[in-house]
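Please read through the structure below; I'll follow up with questions.
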Amino acid sequence: MIYLQKPDWSWRPSESVTHVHQWVKQEGKADVILFGAPLSRSSISASAASYYPEAFRKMWKGFAAYNLDERIDLTKVSVRDAGDIMMHTTNIKESHRRIEDTAESLADSKLTCMIGGDHSTTACAVRGVKKAFPYEQIGILQLDTHLDVRDPKELGPANGTPIRQLIDGGTVKGEDVVNIGLHGYFNTKELVEYADEKGIQMVTMQRARRDGLTETIQRAVKSLGHVDRIYATIDMDVLDISVAPGVPASTPGGMKSEELFEALLEIGKTERVKHIDFVCLDPQKDNHVSATVKTGVYAWLQFMTGVAMRK
Amino acid sequence: MIYLQKPDWSWRPSESVTHVHQWVKQEGKADVILFGAPLSRSSISASAASYYPEAFRKMWKGFAAYNLDERIDLTKVSVRDAGDIMMHTTNIKESHRRIEDTAESLADSKLTCMIGGDHSTTACAVRGVKKAFPYEQIGILQLDTHLDVRDPKELGPANGTPIRQLIDGGTVKGEDVVNIGLHGYFNTKELVEYADEKGIQMVTMQRARRDGLTETIQRAVKSLGHVDRIYATIDMDVLDISVAPGVPASTPGGMKSEELFEALLEIGKTERVKHIDFVCLDPQKDNHVSATVKTGVYAWLQFMTGVAMRK
Amino acid sequence: MIYLQKPDWSWRPSESVTHVHQWVKQEGKADVILFGAPLSRSSISASAASYYPEAFRKMWKGFAAYNLDERIDLTKVSVRDAGDIMMHTTNIKESHRRIEDTAESLADSKLTCMIGGDHSTTACAVRGVKKAFPYEQIGILQLDTHLDVRDPKELGPANGTPIRQLIDGGTVKGEDVVNIGLHGYFNTKELVEYADEKGIQMVTMQRARRDGLTETIQRAVKSLGHVDRIYATIDMDVLDISVAPGVPASTPGGMKSEELFEALLEIGKTERVKHIDFVCLDPQKDNHVSATVKTGVYAWLQFMTGVAMRK
Amino acid sequence: MIYLQKPDWSWRPSESVTHVHQWVKQEGKADVILFGAPLSRSSISASAASYYPEAFRKMWKGFAAYNLDERIDLTKVSVRDAGDIMMHTTNIKESHRRIEDTAESLADSKLTCMIGGDHSTTACAVRGVKKAFPYEQIGILQLDTHLDVRDPKELGPANGTPIRQLIDGGTVKGEDVVNIGLHGYFNTKELVEYADEKGIQMVTMQRARRDGLTETIQRAVKSLGHVDRIYATIDMDVLDISVAPGVPASTPGGMKSEELFEALLEIGKTERVKHIDFVCLDPQKDNHVSATVKTGVYAWLQFMTGVAMRK
Amino acid sequence: MIYLQKPDWSWRPSESVTHVHQWVKQEGKADVILFGAPLSRSSISASAASYYPEAFRKMWKGFAAYNLDERIDLTKVSVRDAGDIMMHTTNIKESHRRIEDTAESLADSKLTCMIGGDHSTTACAVRGVKKAFPYEQIGILQLDTHLDVRDPKELGPANGTPIRQLIDGGTVKGEDVVNIGLHGYFNTKELVEYADEKGIQMVTMQRARRDGLTETIQRAVKSLGHVDRIYATIDMDVLDISVAPGVPASTPGGMKSEELFEALLEIGKTERVKHIDFVCLDPQKDNHVSATVKTGVYAWLQFMTGVAMRK
Amino acid sequence: MIYLQKPDWSWRPSESVTHVHQWVKQEGKADVILFGAPLSRSSISASAASYYPEAFRKMWKGFAAYNLDERIDLTKVSVRDAGDIMMHTTNIKESHRRIEDTAESLADSKLTCMIGGDHSTTACAVRGVKKAFPYEQIGILQLDTHLDVRDPKELGPANGTPIRQLIDGGTVKGEDVVNIGLHGYFNTKELVEYADEKGIQMVTMQRARRDGLTETIQRAVKSLGHVDRIYATIDMDVLDISVAPGVPASTPGGMKSEELFEALLEIGKTERVKHIDFVCLDPQKDNHVSATVKTGVYAWLQFMTGVAMRK
């Protein structure tokens, strides 16, 4: 008798769907569409965030499709992994265009999750959504250490510029952007002045911690009460360097993982959030136990738990 | 004149007992018996937790035998290091039998501390204690990210199965197990259902944090008010990946080290706790500053401080 | 337009077979059968060599199926990846039995390649081959830093014992074993005496280097001129620690990678070599650029180049 | 056209002063004088803290000269980097003398910041200040895991001894020392007894956390109400090992980075604090993302923010 | 007395020019012009080779300006560091244009050394030289594991394409390219066929080792006897993974560092070599002792020693 | 039955002496006296070479006391480990004095092995030997990348100065020093001029490799034919960075480990070599598989094999 199993055999034989890789399907209709945007050569500093979609999918085998805290069986939400957007090797503009087109095409799904890639992909995705729903007002719920309002005239459409691209380009209004997690010495005075001028709502990490993350998200959502749909963008560098070394611009003083998890559960619960992305996680900068990638998968599952609680 | 000192000379000459390695003795009677169970080939994933007893003893030279927070001189409790259980190189069953026999032999000590090894060793140790005290009812106080109730029929007596071994084998009742620290996506639905069915008391990490760890332990002990003796088992993977990278299954969302320390002080104070083990710490997965091993020694000293406060 | 590609999409679209993962097939008849034996809990020291089959397959995407030195197109040899042998989680004896059975079943293939796992798997595989060809005399061509003749009576069938298992068990004669690569201080006097007594042919690393590896292999094959089939076993710890950190027992003074590559080309060319295995490569001990896993894939491809030159 | 820029060109062209390295000047008068004391061969355990001044200056390019939490533009405070004190290669005594002389010479600046070096440098610096102001009473505000009152008679003026040097030498009174952050098992009983005897005010980490760091600092400053000037000394090993691996004696159970930042803001605000140092940060022990060095720069900027708020 | 030295103070006071950073000047005329081309977002795989010019300059402080093997005082050759070419953040085409323009402007120096950046920069630099000397025939002396003749139609001007760009674009003839160091399984059959077709001279690593590197370089130079000037391009991934982990595509089976050093001495001696570049060294992938960066500096100094011997 | 073994129990029970730690004794008379000189605060750059004696002894458990290449049973030579010299924590001069005194006391042993520490310890040890044998002429056989003739007037008795201390101090004549392994750019012109002037015999790495290491050592010994006793000093930084990352000043272009092993076998065989030391190995800079420490133990055993062959 031979005991051979196919090479791609997952680590434990199972008829039942118990882990994430058994739950997420690759074909058919689904409540949630997941896709990767593996582009990071548009990053100001060198970044391998383009490898995150692959690392994300590989890691999810280690996670059960069941949330024990909330006693939620995630399999009641259907998810389809639509794969990765093919990027051009050297033409960043073309790659950005493809993200925009793809996001437009998928925008009428119940919910889309984009796995970046660097933060420049967010500007493309939001423009794609806007094209699909030209008469809707879009709000941005951003978790980030940075404002990301550097000037594209100087840098081109780099990862430091997406929010400014969207505001200056008329896709989103400054006051429809809420940025949570700002702290310390990572935004120059002139950028803060730009944000003030445009009316961006800035919630510092200290403030968010004082109020609690659930409360903070609820207030942010409320302050976006007038928009038609909310696009949530999670720059993983919002996290503290001790919990997320694997980001190009890791800093001390950031969000703790349990705070991020709390925030994402609440974001997941919010009906008007129709799109989310997770960006700027560079698996090559992660530590030897892949702490950041694990945190990224956990964060996404918290969002999915919230989504499951919507029903 | 020659200034030579013996090779095994500890790092600073001292007549007085100031550090842990000077306090723990290798012979004679003692309040507390410490022994190692260096077995981890019974681990589902590859593990070098078998190297923890050696790493633990090497690290304790860096710790004073004095708790400054509580102003407790630990040397008033006597501790004997009984050494490591010899393991068979390839016969896991035989190694398990040796752990069980040893635990039985030592069970009438005032207090035993077993340094694992993976979590499969706990099933053996509890069975050994049960053999020594067949008419006593044993309660389990477990700090863990996992339920450890996977099916030994499928896996054999692996490290994912000890609690199920004990319940299905009639050694311990399901309702006499309190598991503190569960969180996230690391237990499948079917395992949670098994735990529910058997009456295992599950305290999530979130709940424990909300109540405070001291309070949580006190409640757990109260809920085990009817048992004759409590066996505490500390799976070091209960800790968050940012404070304990050196475990085979490290996860974000776990317990913080200061929470573990608070819990262990309270467990140490609890008269009915007669046995404790620390398992699943893999020194080869630790980071370059040995954060996990240091945390393991600190955790044990917190327990010992609590024991010193019993008197 | 959407630019999505399936998640498992390899890194560059291609109709033609250019890289190893496009060449090795998962179904059908083939000249060479490859299979994994992911067992390493039988290792004396803690080992994650059980993860090598997976790491091996993942890495081969980075290698072209073309040898530039010899101008050999590897695709003219057909290879089937038969997958991994399912191992029992805790019953090492049972896992060994499965390897033996599988090796017996596959033994009549033109050529088999087993990817270990630790060196205990070799004893099983050779016994399996012997069962399939009970009337053939089997020779062992071993590249190793160690003799691997420790006593299974003491250790059980651990990774230090395979050659002794085979000799004492009558499967192979001592004089039909040629061990190349021995050096330094990694075999005790008593083990060398056992080897002398049984007639094992010991070729030190220094001797092999002086003669050249091609010449050394040719002599070894000649000295096995009387056997019916040769089983080659490559313990990756034969390599020097500077080129192969990822083995449980890495040592200085070992074989260089270019020497291993030269040897494997010659072994591949040798018609009578019908079986080969690569063992004791632990990906968790590898360095940050996966030097050892890359060397393992390269070594296998050198063997395959030799095989392609047989025709 | 050629697009060349000078090699020392900072990472982004800028006329305006936006980042720390553009704000700190190397010449002229300034409110704050910064200097390095790159000495760590006086450390009990091997230490490369002597490399911190260089690492500190290199890292500050990544920090904006603007505090977003407090909306403070740091450039309104002037800072001069006076460079590093030249150390003797092998004569520790001579190096200590140079630190003392330099500290004396600079003592009449509005504010001095010394970047160590190990903690032995603090004893020299305080003696230098005392020489400059012989009739003033100096208070020490110490953030540290250790008391640093080991006996210089035994060790010479090593990094474990500075506080004892100052007390036994009559430079500072025991009751004018407040040590915040003590915890666990890192001070022997006899050292605690010395501290008690001399009246050192010990505030454990647990106590400081319970009260809040701002409150803790305010109380400490109040308890030093009678001294003429306060010298603050920040031993970076006060931090928890999970946020500051890069110190020679990293421990679990320590201060969190956000707590340190809160404390330093308050210390910065305190008018009577005229001198500060940051010691025992060893960049060679830091992790791959330089978490500890980044935390060190952030901590200093929190202090500077507080200073800016004094005005 | 104060013992302060300027922050940028090099590690040891010296009037005499003893080390590389004291020898290389930033202004004035010189025999050799050095400049950086910090671009690597044009790399197929994620690369931080853009950080190499900075790492290169920082490391050279640890090297004496004196070659002990050849007893050559390097200071008799004058070198000017012209700084780094400013790159556009997201417009790769524009960055390439700047490299081409700069190379053209500097082409009439006696000798230019470009420090990359990825290998795409070479195509630009050679085109720049060609523009400066339109009537000269340029030969390429390439040390590389790869042919770098992938199709720019597919990838754009990425780092896998420079030689093909130059051949297909008519800048260089195929037969005027000599590639030394090819080995193993890192060039697909179709790329080798392209090289054959265009007449590229391929010298495998095995061949070069057999002949000796000095001899190999001399033959290569001879085979380029008809060209007017030789452009040498050193892709650091020609090196074996055990000596150069810090390249994006590290492989076993490559060149040893002493072989590279021997080759570069000979290249340096060759009068007709007027330009050299060093590319694809990624400091972020280097190991903890910066082995690859050190090897890069050493390699450049070998070239410079050869140049000094020209006179 | 209890299966406990003492904590310090070595990894495998054994009556017979098979491994190094069972062979080296701590008491009694012996052919070879081994002692540690754990001092490295005298090092120019930060060094933890003071931790090498401990790391050396811990590692030797992994080595058999039998040389397979030469078929030599090491146990026929007796070795006593005399322990470590106690060092003063901050008084380098005093520590140096203790080394000198100890070396003098032990100098009449048949053979002494000193395990450093940094290279400053060699000057002390040689002076100690000279004091013991004032009328003997001492020759130095040095394996080193550096000349170590920097000026103690400038640096004090630092690790860059020992050979100059001995020559200028009249302990050893310049022409009685043979330095093997010099290469590259790690000695300034002025230091080479000093060496030339004093008549130091400089054998470059290239020269030694060309001649072979055995031949090179034999010639060196011959050239010291007139001295009474030879003191061999092995600065581990003679090794190439790829085989010995764990030295403070690791360089490419150095000696390979097999070359060092060959040299040490020959040195061991040389009757007139009465003293040897191994210095400047910093275990904290070693890689994750302790390659340098393993190489250090192997090197010492090669020397011991040579000694065993003397008889």
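A, B, C, D, E and F label the chains in the order they appear, each numbered from 1.
Everything that follows uses one rule, which is that contacts are C-beta pairs under 8 Å (C-beta built on N, C-alpha and C of every residue); 3 or more make two chains touch, one makes a residue touch a chain.
Computed from a predicted structure; not experimentally measured.
J.: Going by the contact rule set out at the top, which chains touch both subunit D and subunit F?
T.: Common neighbours, subunit D/subunit F: B, E.
J.: Which of these pairs, D-E, A-D or D-F, matches B-F in more than half of the residue pairs in contact?
T.: The same interface as B-F is formed by D-E.
J.: Examine where the copies subunit A and subunit B touch and state whether the two sides share over half of their residue numbers (same) or under half (different).
T.: Answer different: the two copies use largely distinct residue numbers here.
J.: With chain centres set to the mean of the C-alpha atoms, which chain is at the far end from subunit D?
T.: C
J.: Between subunit A and subunit F, what is the separation of their C-alpha centroids in Å?
T.: Chain centres of subunit A and subunit F, defined by C-alpha means, are spaced 56 Å apart.
J.: Quick one: report the Å distance separating subunit C from subunit E, using the average Cα coordinate of each chain.
T.: Comparing mean C-alpha positions, subunit E is 38 Å from subunit C.
J.: Tell me, which residues of subunit F touch at least two other chains?
T.: Within subunit F, residues 242, 287 contact more than one other chain.
J.: Who touches whom among the chains?
T.: A-B, A-C, A-D, A-E, B-C, B-D, B-F, C-E, C-F, D-E, D-F, E-F
J.: In their shared complex, at which residues does subunit E touch subunit D?
T.: Contact set of subunit E toward subunit D: 1-7, 9, 13, 26, 35-36, 53, 57, 81-86, 98, 101-102, 105-106.
J.: For a test of understanding, state which residues of subunit B touch subunit D in their complex under the given definition.
T.: Those residues of subunit B that touch subunit D are 16, 18-20, 63-69, 71, 73, 242-243, 257-258, 261, 287-289, 291, 294-295, 298, 301.
J.: Can you list the residues on subunit E that touch subunit A in the complex?
T.: My answer: residues 40-44, 46-48, 50-51, 88-92, 120, 154-158, 284.
J.: Inside the complex, what are the residues of subunit A that reach subunit D?
T.: Of all residues in subunit A, those touching subunit D are 182-190, 192, 202, 204-206, 240-242, 245, 250-253, 285, 287.
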